[in-house]
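Two complexes, one shared chain (chain A), two partners (chain B, chain C).
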Partner chain A sequence: MEILGLLTDGVLVSLMPINILLIVIGVTLGLFIGAMPGLGSVNGVAILLPITFLVPPGSAIIFLAAIYYGAMYGGAISSITLGIPGASTAVATTFDGRPLAMKGRASLALVTAALASFIGGTVSNVLFTIFAPMLAKVALAFGPPEIFALMLLAFATFVGLGGDDIPKTILSICLGLVFAAVGFDEISGAPRLVFFDIPGFLHGINFLVLAIGVYGIGEMIWTIESTRGEITTTEAKMSVKGIVNDSKEGMKRGWKGTAIGSFLGFFVGILPAAGATPGSLMSYGVAKMVARKPGEFGKGHPGGVAAPEAANNSASTGAMLPMLTLGIPGSPTTAILLGGMVIWGLTPGPRLFIEQPDFVWGLIGSFYVSNFFAVLVNLAFIPLFIWMLRMPFTVLAPLIFVLSVVGGYAATQDMHDVWLMLAFGFGAFFLRKLDYPLAPAVLAIVLGPIAEPTLRQSLLLSSGDATIFFTRPIAGPITIIAIILILLPLLKFIRDKFSGKTKREV
Partner chain B sequence: MKITKRLFVKLAGATALAGALAGPAAAWEPTKPVDFVIMAGAGGGADQIARFLQSVAEKKDLMNRPLVPNNKGGGSGAEALIALNTSRDPDHTILVTLNSFFTTPLRQENLGIDVMTFSPVAMMGVDPFILWVHKDSGITTFEEWLEEVKKGGYVMGGTGKGQEDSLVITYLEQAFDLDIKYIPYKGGGDVAKDLAGKQVMATVNNPSETKGFYANGDVVPLLSFSDERMEAFPDVPTLKEKGADFSYYNQRAVVGAPGQSDEAAAYYQDLFETIYETEEWQNYMDTESISPLWLSPEEQKDYWATQVERHKELLAAMGE
Partner chain C sequence: MRLAEIITAGVMALLSIYLMWKSTELNVGYITGEGPGGGAWPFWLSGIMLICTVMIAINWFRRTSPPSRSKEVLLDGYGRRTLVLVGGGLLGFIALVNIISMYGAMLVFLVYYLRFLGRHSWTLTGILSISLPVTFFLFFEAVMRITLPKGMQFTEPFYNYLNTIIY
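Right after this comes the complex of A and B.
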């Protein structure tokens, strides 16, 4: 009950007029930072961290929490309206958000994203409040074999889905894994796959470069090709009644995705190796898997927007857990916040909850309040984003191009990555013509850098014995579920063959 | 204006003291944001120090242009060293280093990096190493630990082969005839976490990266690799007390890109001296158990030369 008291204090502090002002400013700033491709909560928090030295630590935390939350909401906006992932955490939101916008249902997608984000954020705040000290132990129990098993499960959710062509999905995953391997090998420290000795490959391929290439540039070329230069505008209408109706529809069709994202996102978020991006991708995969008609995913299903958006907000609170309790950041943003805490004179780690409870619960309290204001600010700005969509494509296309280039450059500040992004854009266009799914490649480049070192660490631990993934109490069940999911389509295929069916139900 | 003036006066004083470049020329100042390259990924020990330094500069308003932290942790810092070596604007590029500043160019000669061409800025302190075990192992002394390791199958975690902690572990293996399985991790924070989670049996880690778990009683320090017993750990013996003439520290230093002008170097030297003297940095060294080791630019170069030689030997012993 002591926790509740502290939490109430935290919420009340956040509700002081000056802090409310900071929250509204922070959320709005965060929303636009998040919406800018290439800029995400990491950049927002990093840029604005020094400003927080001007205000008392209490208000500083509240301000940063507001930016953090605002950016998590904002990432969805450009994913949906322009098809360019606004932030790394919103890549999965493009999968269904963009098709919805193309169908003239942008407001449905935006409203669903906002509501799912709100629910995801709230669920994870509640989970954090109740279970935080307990979950710190769970995070510690996840060693390399457990993390690898989890990554395997994430891949399995993408392979094991009906609907997509399995060999093409696997090829797409392999392509992503190869890109993920470029740069320095973490285990041996040696450079790998540095093509033509171009120094730009040394820092590896940032997955935002691939994601923006595929979804920004690739999508733009696709649209140009399919419209043959005809001037088209997307039908996008906007009214208060529309928002209410969209909320109803979004929640009706997206509740499952929201629920999956809220819980899975939180859980993946608390693992120090993972963070919000893998969390949102996995939630998308699982939401698609459990959907009654998985074939609708990727073509504009509100559930495909709700799952990753609920997950990335949920994971952003989840990622606070290892940062606060173990001193290990679960995401790049929390790494910056960790630096901030050290500067404020706080020591993150197992003692923080005992020694600085008012700070911890003040922070969580400000999350509750920030989350609430973020959804209000976000909903208020939706008409503006919709209006953007009504621009003719001849105006929109150059805008997408410029934002893609800026986003590709911002990630690493290297022109090399801009050229690479353009190359990926053209590559993606041709692969799409040949019906290759590209989401698995994006998933692979996110998860590859987590999966590879943990695989090798595990095998080092076991002296090369792969049974380590089956014999450990947590890793074992996860690995087995992953393998079943991978084999499922194969079994289906064999069964269909024997029963004489030539075509599977999708 | 007041700040620039104060800086100018300080700078003039510093240059006069150094006995170099005493002249009427206006002091050099950055004309654009300074690329503050960090030789490690976000969140690790080196990164935290870099961001702390940046925040002090920001808080005290010491610069007319900001330091912009830029994490380049790839390839044990090779990425960062290449970035500095090929920097087109060496006057606006500085680097926060650790010992991979010495080891990486030695291990990867094909990178063509000679650290002696870099410009010395400031030695902010050295970070000692400690041997840690989990409290559940029941081990409380170095002797008990040796006994346990000799039973075989012992697993330790660290930040990678050829990295600071692996050099220490290799030394232990050779001096005490041990056989340890070494699991490489991305950074010191991950290593500390996996010791607390009992994924590995022991680590050699900086106190700053393990202190949260130490304060909570999860991990036990057995031995320090410092020259003398550390203030924060008065009961932990040093390896020297155990009869081996070996100590090892991680340098926490700032260097300038090769080709940096003397004026710019003097500016950064003065800037980091000011930061070094702030109460904030002094407190930080205290809480993070970093040992002070202030060196003049000339002494820094001498220090580099001895460290390069020493790491050549350590790496050779490792078979690299």
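Right after this comes the complex of A and C.
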């Protein structure tokens, strides 16, 4: 019960007036930074880091954690209302969030996202409090082969996400992975796939360039073209009663996704190099797989919003775990937080819990408090986001285009990327018309930079022997499950081809 | 749509071959002591893409995928018009960024879209096309300290003046 006492102290620290004020400002700022395509929690935390030198370290990290939390909530907002993922962690939220908004159920999607985020955050906080030191050891047992096996599992779940056309889905995944390989070969340092020797390709293709191209431009032109301009985005009206009803419906239909996201997200989040993005993508895949009617996913199912949103919040807390206990950041944002802690004179690592218990438990306490305020602030702003959706489409569309161009630029600050984004947008428009699933490409470009180095490091470890993925105790089962998942639809595809019947899934 | 399906599959196949060829600039095999070469990962993935395009072509031949059965045209008159007006507008927007700055290009694009495509009143067009660049300017330059492109030289005195206000 010692932990409980320390935690209570921690919560009390974060409930001090100055800290409460910092938390409220932090989550509100984070919410808007997260909602802005092109800016994510990394930008928010990085930009506001210098401001925190004005307050004591304890309050400073609480402020940064609040921004981190707020941004995790905010990513869902642009995914749902605009159909552009606000950050890589919210890519999976667009799959069902956008269709819900198009059906006039944006408030259901937003409320579900907020509540799932809250539950995901709370579950992970509890797990964090109880298992912090123990889980740090498990996470350390994950070497390159295990992480690659996990990536393989993530890709396997995508094959199921793509819908009917398996070759087009696999093509889309591979295309995303090849785009992720553009830039420099990380191991030899040689330039790679620098098309036509254009220097802009040297810094690689940022996932946002592809994501905004596909969702912000391609999908938008497709929507305008396929609806003949006769589009009304939503008729949604906001009332307290409406929010209460939406909360009930969201929880009823989304509880399974929330549960999956909360636990899976936390576990993937604590793995170094994995983090919230793969966590949210995998949770979406698993939630779809275990759903009673997987066919409803992708057409506007609250479970499809709940799973990735619960997961990305859960994972963002999880990612703090290796940072605090081992000094290994689990995500880019936690890397910046780590930098901040070093500047404040705190050394992360196993001794932090012993030497600076006030700081550690103050931080953990602030997770609980930040999470609570984040859900309140988020719910309070929902009417504003819904109001945005009520604008006529000929007003909303140019706003989305402007946001896309600015967001595409802000991510890397290079006009080359804006042009590339436009090219991807036109390409995506035509591929979309021909039923090529594009979400897998976006997911692949996000995971590619994790998958390739871990594959190569693993093969280096085993001197080129691929059985390393099967013989290690953790990697083995994950690889086998992944292969089964990939083969299942392929076998079905082959069987259907030979029996000559037309495929109609679910 | 049927014609477009096979043409797209062909284009994707060519793209795969190009990517495979481009990958061979680095070693695509296994280097003893160094692991797989730098080109191996994109090379084999592009190879899988090529196989996928062959399968898409088989589906096209057997008419088993929806676009290969569809008799609709890929783009009718309305579709072509949308693509030219909206896509062309975006093209113009991005081209203008390097000339009259991100904020100026934003203003021109908003006026074009709201007034000429959306047929909204001049009042609404004016309010949005001016308030949006101003909001973006304040958010990016003043709060986030991210500078967006300022276009060619002639915009400099204008932005220098604005910078004296926000800094």
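Couple of notes before you dig in:
Rule of thumb we're sticking to: the second predicted complex is superposed on the first by the 481 of 506 C-alpha atoms of A that agree within 3 Å, B and C clash if a C-alpha of one lies under 4 Å from a C-alpha of the other, contacts with A are read in each partner's own complex, and residues count from 1 in each chain.
Everything below uses one rule, namely that a contact is a pair of C-beta atoms (placed from the backbone, for glycine too) under 8 Å apart; a residue touches a chain by one contact, two chains touch by 3 or more.
Everything numeric here is computed off the predicted structure, so don't read it as measured data.
Contact with chain B, but none with chain C, is seen for A:H203 once the two complexes are overlaid on the shared chain.
Looking at the shared chain after the overlay, A:L338 reaches chain B, while chain C stays out of its contact range. Residue contacts after overlaying the shared chain place A:G327 against chain B, while chain C stays out of touching range. Touch criterion met: A:Q457 reaches chain B and chain C at once. By the document's definition of touching, neither partner reaches A:P17: not chain B, not chain C. Counting the residues of chain A that each partner touches, chain B and chain C differ, and the larger count belongs to C.
Of the two partner chains placed by the overlay, only chain B lies in contact with A:G143; chain C stays clear of it. By the document's definition of touching, both partners, chain B and chain C, reach A:S188. Looking at the shared chain after the overlay, A:P473 reaches neither chain B nor chain C. Within chain A, the residues touched by chain B in the first complex and by chain C in the second are 185, 187-188, 190, 413, 457, 460, 463. Within the complex formed with chain C, the residues of chain A that make contact are 39, 43, 47, 165-168, 170-171, 174-175, 177-178, 181, 185, 187-188, 190, 192-193, 195, 217, 220-221, 224-225, 228-229, 392, 394-395, 397-399, 401-402, 405-406, 409-410, 413, 415, 418-419, 422, 425-426, 429-431, 433-436, 452, 455-457, 459-460, 463-464, 497, 502-503.
In the complex of the two chains, the chain A residues touching chain B come out as 46, 49-50, 53, 139-144, 183-191, 199, 202-204, 272-273, 322, 326-329, 332, 334-336, 338-339, 342-343, 347-352, 413, 453, 457, 460-461, 463. Note for the complex: chain C touches chain A at residues 1, 4-5, 8, 12, 19, 22-23, 25-26, 30, 32, 34-39, 41-42, 45-46, 48-49, 52-53, 55-56, 59, 62, 64-67, 74-75, 78-79, 82-83, 86-87, 89-91, 93-94, 97-98, 102, 106, 109-110, 113-114, 117-120, 124, 128, 132, 136, 140, 144-149. Within the complex formed with chain A, the residues of chain B that make contact are 42-43, 47-48, 51-52, 54-55, 58-59, 66, 69-70, 72, 74-76, 78-79, 82, 86, 104, 107-108, 155, 160-162, 181-186, 189-190, 192-194, 196-197, 199, 211-213, 215-216, 218, 284, 287.
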